[in-house]
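Each of the two complexes below includes chain A, the first together with chain B, the second together with chain C.
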Partner chain A sequence: MANKSILGVFQEVDEAVTAADSLKDNGIEDFEVLTSTPYPEGAFGEKPSHHRLYVFPFIGACLGFSAAILITAGTQMAYPLVTGGKPLLALPSMFIICYEGTMLGAILFTIIGVVFESRLPRTGKLAPYDTRITEGYVGIGVDVPEDDVEKISNIFKEANAADVHLEAT
Partner chain B sequence: MQQRVELTEREINRDLLRPNLTLQLRFFVVVAVCGAIVAMAGGALAYAIIKGVGVYGVNRPVMWGFIIVNFVFWVGISHAGVMLSAILRLAQAEWRRPATRAAEVLTMFALGTAALHPVLHTGRQWRTLYWVFPYDFGRGIWPDIRSPFVWDPSAIFTYLSGTIMFVFILLVPDIAVLRDRTTGIMNKVYTFAALGWRGNARQWQFQIIAGILLSALILPVFVSVHSIVSWDFAVAIAVEGWHATIFAPYFVIGAVHSGVASVITFLAVLRWVFRWESYIRPEHFDALARLMVVVATAWFYFLVVDFAMGFYTGEPAEIALRYAQMGEWPGNMLFIIFMATGYVLPIPLWLLKNVRQSPMMMFWSSLFVNIGMWLERYILIIPSLAKKQSLTFAWGHYAPSPIEVMLVIGSFALVTLGLVTFCKFFPIIPIYDVKEGRAFEQHIRIGKVNVPAVFREE
Partner chain C sequence: MSNSHHVVEITVKTPSEVNNEVLGWSATLGSKYRLAVGITGLLFLLGIVGFFIKVQDGFDDYVPWAYLTAAFGFVMLFAMSAPMLAIVPRLARGHWGRPISRIAELWALVGVLLLIVMIPLLLALPEADGRNTFWFVDKYREGWPPGAPHIWLALLMIGLVVNGIALLWAAAIPDFAAIRDKNIVNGKSANLYGKLSLGWRGSKRQWRGLRASHGVLGALYFATLIWSHTMVSFDFSQSLVPGMRDSIYPTWYALSGLQSGLGLVLVTAFIARRFGNLKDYIHINQFWSAAKILLALSLLWAYFWWSGFIIYWYGKNETEMNIIQLFWFGAYRPLFILNIVLSFFIPFIFLIWNRIRKSDWGPSLVGFVVIVGSLVNCIRIYTASFSLPDGAKGHALHHVPDSIMKPDLPDVLMVTGLVSGAILLYLIAIRYIPIISTWEIREGMLYQTVRNLHKLPLKVIGKPD
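Moving on to the complex of A and B:
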C-alpha cells in the first residue's frame, strides 16, 4: 500500500505540541517538525537524531595536512637546492603551510559534513511543505499508510491545525 | 537595557527582507557610483599593466607603497569580522544576533579585495601564478615555500574559502525564507541556493552545530592570517622597525581594532539606510563600544611596547627611523592624526554612555579609528623603507602616484559595491537568529521593573 505524506500546519507552538503528543499516543513516533527558527531539542517530543558530524573535521584535517606535506616537502624535494648549508626541508615554513592546509581541510569537511548530515541538498518539489512555516507557523509532517490518512488528518484538526496538506510519497 | 520592541515573525520577515524584495532607486545609484569608480580603478590598473610599475610612486628603496599599505589595511578589516562573529557565537552573547552576518560579509569582501592588492602591486599580474601556485610551470622550478609570499596566499586562501563557506552555510535558512516569498527567476535561483531547506529539527540541529564548530575552526585561522601578514615584514631582517618579535600579536590586535570599528560603521549605516532601529539598537553599539575600549587599549599597549623597545636599543638606525615616523615631515603630521583618530579621541568618547548608545557618534568615532589605522600601516611601512639601510646604495622618500591613489579609492568602492550587492540579494541580518532570540525571550519581573530575559538550551 502506498504511503502518503501529511503535513499539519499550526499557528501556535502549543497546538503543534498537542498534535505531536496525540501522534505519539496513536503509536506514531516518527514525525518531522518544521519550524522557522531552531527550537530546543525535544521541544515537540520528537525523537533525538544521531550524527557523526564531529568525524568530518578530523578527516578533513588529516587530508589537508597530508596534502600540505605533499606540496611543501614535494616541491622542495623536486628541485633540491641547499641554501646556506641549511636542511633541504625548511620545517618552520612547512609548518605554516601545513597549518593552513589542515585548517582548510577541517573547515571544508565540516561544511560537507553539515550538508550531508542535514540530508541536503534536496532536489525537486518540496513535499510536504507550507510557505507559512517561514512566517512562524509550525509544521508537523508524517508519512503514513493510505488507510491512516483520515485518522491523522483528524488528529491535526483536533489540535486546531490551520491547514492540513496531503501528498503522495 | 530595555530597548526591545515586540515583533511578530511576519513583521521580522517584512522588515528584514524589504531590501531584498523591493526595488529601491538608491541601490542603483550606489551601484552606479561605485561601479564607475571601480571602472576608473580598472582603467588605472590597465594603464599600469601597459606602462609597467614605473607609473606607481614606488622606487628604490621604497618598493612597497600605497598598494601594500592598503593590502594590510583591508586584511585588518577582514579579520575582525569573522573574529567578532565567531567569538560572540562561541560565547552565545545575545547581542550578537544582528551583527554576526554583517561582520562575516564584511570579512568576505574586505579579504577578497585585500587579496587583489599583492597582485596589483606586482606589475605583471599573470606571473604571480608562477610564484604561488604549487605547480612547476617552467624548468621544473616550484614556488619557494620558504618565502612569506607563499605563506600569505595559502593563509588568505584558507581564510577566504572558510569565510565564504561559513557565510553560505549559515545563510541557507534565510535563503529559504526568500525562496518562499519570491516568484519567477529569483525564486528559481533561491530555490537552488536553499538546497531544499525545510527547517526540520535535524537541519536546525546542524545549523547550530555548524555555527559553533566553524567558529571554533575559523578563529585559529583568523589569528594565523594576520600573523603571517606581519611576517611579510618581520622576517625582513634588514629593515629597521620591521624585524620585531612583537609584530604578529601587534598586527592581530591592530586588525581586531580596525575590524570591529568597521563593523560598527557598517551597522550604523545599515540601521540608518534600512531604518532597522528595532533590530540594531543602541544596546548593540554600547556593547561594541565597550569591546572597542578593551581592544583599542590592548592595541595601544602593543604600539607603545613596539616603539619603546625600538628606543631602548639605542641603535642609531632605529632612533632615526622612530624620528622619521614621529619627528620629520610628513611623518609627524600623520603620526599626530593617527594617534588622535586611532586612540586618543575615540577612547574618552567611548567611556561616555551617551556616546556609546548614539549610532551617529559611534559611526563617526569608528570611522575615525579606521582613518587612524590606515595611517598606522602607512607609518609602519613607508618610513622603514625610506631610511638608508646598511646594504643599499639609495635612500629617499615616497610620494604616491595618481594611479596608486585611484587604485586605493577603487578598493573602497569595490568593497562598498560588494556589500551593497549582498544586501540587495540576501538578508544582511540573520532572520532566523533574530527570531530565535525573540522566541526564547521572556519578560521577568525583578522588584518593580519588567526586564527582558533570554534563556537558552544547555
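Moving on to the complex of A and C:
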C-alpha cells in the first residue's frame, strides 16, 4: 500500500510536542519537524540523526590537492628539464598552488554538500507544507500508509492543530 | 528591565513580529537611503571616469596604478575581513553576534567588485620572475611556476569571493524562504526568492546542514582570507621593494584587515541601529562585546608592527636603513604617524574605558577611526612600494624617494570611486537581503530570558551545546 505524507501545523510549540508524544505512543517514531528556527536536537523528542557534511570538504580538499599535484608535478615531469643542477620539482612553489587547489576544492564541495545534505532543491513529489511555518508555527510531518491517515489526522487535531495538510494526489 | 547600575536588553517579540519588522524593513528605507545611493553612485561613476583617464597611461608601467592598488588593498582589507565577525561568534557559540552577523557577512558581496578591479591591477603588476616573491619563481626550477603571480593570485581571490558569497547565501536561505512565504514580493522577485531558497521547509535535516555549513565554510573562509591578505601584501607591496624580507609584514597586514573589518561592522551596526530604527534588535551588548575584540586587535596591531620594525632597526645594513626611511622615517613619516595614531593610540586610549566600550557611539567612533587609519596605512605602504621605479627587479634598496607619491585627479577619483562603489553595492544589497538574520534572532529568543536576582535583573542564557 502506498504511503501518504501528512502534516500537522501547530501555532504553539507545546501543542507540537504533545502531537509528537502522541505519535510515539502510537508507535510512530519517524516524523519530521518543520520550524522557523533551529531547535536543539531532541527538543520535540524526535530521533537524533546525523549529517555527513564534513565528508564533503574532505573529499573536495583531496580532489583539489590531487588536481593541483597533477597540474604542478605532472607538467614538470612531462618536460624534465634539469637546469643548473636544480631539482626537477619546484616543491615550495608547488606547495602554494596545492594549498590554493585544496582550499578551492574544499569550498566548492562544501557548497555542494550544503545543498545535498539539506536535500535541496526540492524536486519531484512535494511534501505538504504551510507558509505559516516561517511565521513561527511548527509543522509535524509523517509518512504513513493510506489506511492510517485518518488516525494520524485525529492525533493532530486532538493536539489542537491549526491545520492538517495531506499530500496532494 | 533596568536599574541605576545596568540595563539588561533582550529581544522579546513573536516570530511573526520579527518577520514583519525585519523583512519589511527595506520598504521603510526613505529619502536618506536614496540620497546615500545617489551620492555613492555618482562618486562610483566618477571613479570609472578616473579609471578611463588613467588607462591612457597603459599597463606597461605599474607606478601609475599605485593609488588604485592602495584603494583595492583598503577595500579588500575592510570588506573581505568583515564577515569574520559573523563567523567567529557562530563558531564560538557567542550569542551576542546574532544581530550583527548579517551586517558583517553582507560585506562579502563587495568581493565581486574587487575581482573586477583586480583585472587592471594584475595587468600592470610585473611578473614574479626576477623578484623576491612567495612564488619562488626560477628558484627551484627554471620558469616555474608559470603565470605567477597573476593566475594564482586571481585563483586565490576567486576562491575567497566564492566562499564569502556561499557563506552569505547559506545563512540567508531561511530568510529567503520567509520572504517567499510572506508574499511581500511578487512577479520575478518572488520567483527569484523561491529559487534562492531552493524549496526550504525548515526541517531538522535542513537546519543541521545549514549549521554545519557555517562551521565548515567559516573555517575555510578564515584560512583563505588570511592567505589572500598575505599574498596581496606580498605581490603588490613587499616584493616591489628590493631587498625587503619581512616575515611579519604579511601577518601584520592581515591583522590590519581583521581590525578594520571589525571597525566597519561596528560603524555599519551603529548606522543601522541609530538611523535604521533597529534598536530593538541591535543592542549595546553587541558594541560592548565587539569593542573588547577591537581593543585586543589594536594592541596586537602595535605589537606586530613593533616586532617587524625592530628587526630593521637592529639590522641596520644599507637596505634595512633605507626601508626604515621609505616606510617610516622618510617622506612618509607624517602618514606613518597618522597611521599609528589612528590604528593604535586612539583605539587604545578610548577603548580601555568600560564606559566608552559600553555604548554604541564609542566603539563605532573608534571603528571609524580605525578604518581611516587603514586607508592611510594602505596609501602609505602601497604608494611607497610603487614609488621605486624598476624596484621590482633589484636586490638591494640603494635609493629612497625624497617625497611621497602625490595623487593626481584620476587617482583621487578612483580611490573615492572604489570606496563608494563598495558602499553602493552594500546599500543595494540591503534592499534585497534582510540586514538582520531573522532566524538567528528567533533562535536567540529561545535561549534568552531575564530573571531577577533579588532586585537585580540578570540576563540568563541557555546553552544547548
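Everything below uses one rule, namely that the second predicted complex is superposed on the first by the 149 of 169 C-alpha atoms of A that agree within 3 Å, B and C clash if a C-alpha of one lies under 4 Å from a C-alpha of the other, contacts with A are read in each partner's own complex, and residues count from 1 in each chain.
Operating definition for what follows: a residue touches a chain if its C-beta (ideal position, glycine included) is under 8 Å from a C-beta of that chain, and two chains touch if they have at least 3 such contacts.
Keep in mind the model is a prediction, meaning the values are calculated, not measured.
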Taking chain A as the common reference, can chain B and chain C both be placed on it without clashing, or not? Answer clash or fit. clash
For A:Ser153, select first, second, both or neither according to whether it touches chain B, chain C, the two together, or no partner. neither
Have a look at where A:Thr72 lands relative to chain B and chain C in the superposition and call it first, second, both or neither. both
Would you check which partner chain A:Leu91 touches, where first means chain B only, second means chain C only, and both and neither mean what they say? second
Now for A:Thr18: first (chain B), second (chain C), both, or neither, which partner does it touch? neither
Touching both chain B and chain C, residues of chain A: 32-41, 46, 49, 51, 53-54, 57, 72, 76, 83, 90, 93-94, 96-97, 99-100, 103-104, 106-108, 110-111, 114-115, 117-123, 126, 129, 131, 133-136, 141
Under the touch definition given earlier, write down the residues of chain A that touch chain B in their complex. 32-41, 44, 46, 49, 51, 53-54, 57, 71-72, 75-76, 78-79, 83, 90, 93-94, 96-97, 99-101, 103-104, 106-108, 110-111, 114-115, 117-124, 126, 129, 131, 133-136, 141
Could you pull out which chain B residues touch chain A in their complex? 8-10, 13, 134, 136, 140-143, 145-147, 150-151, 154-155, 157-158, 161-162, 165-166, 169, 172, 176-177, 180-181, 195-210, 213-214, 217-218, 220-221, 224, 228, 432, 435-436, 439, 457
Which part of chain A faces chain C closely enough to touch in the complex? 32-41, 46, 49, 51, 53-54, 56-57, 72, 76, 81, 83-84, 86-94, 96-97, 99-100, 103-104, 106-108, 110-111, 113-115, 117-123, 126-127, 129, 131-136, 139, 141
Within their complex, state which residues of chain C touch chain A. 14-16, 19, 134-137, 139-142, 144-145, 148, 152, 155-156, 158-159, 162-163, 166, 170, 173-174, 177-178, 181-183, 198-213, 216-217, 220, 223-224, 227, 439, 442-443, 446, 464-465
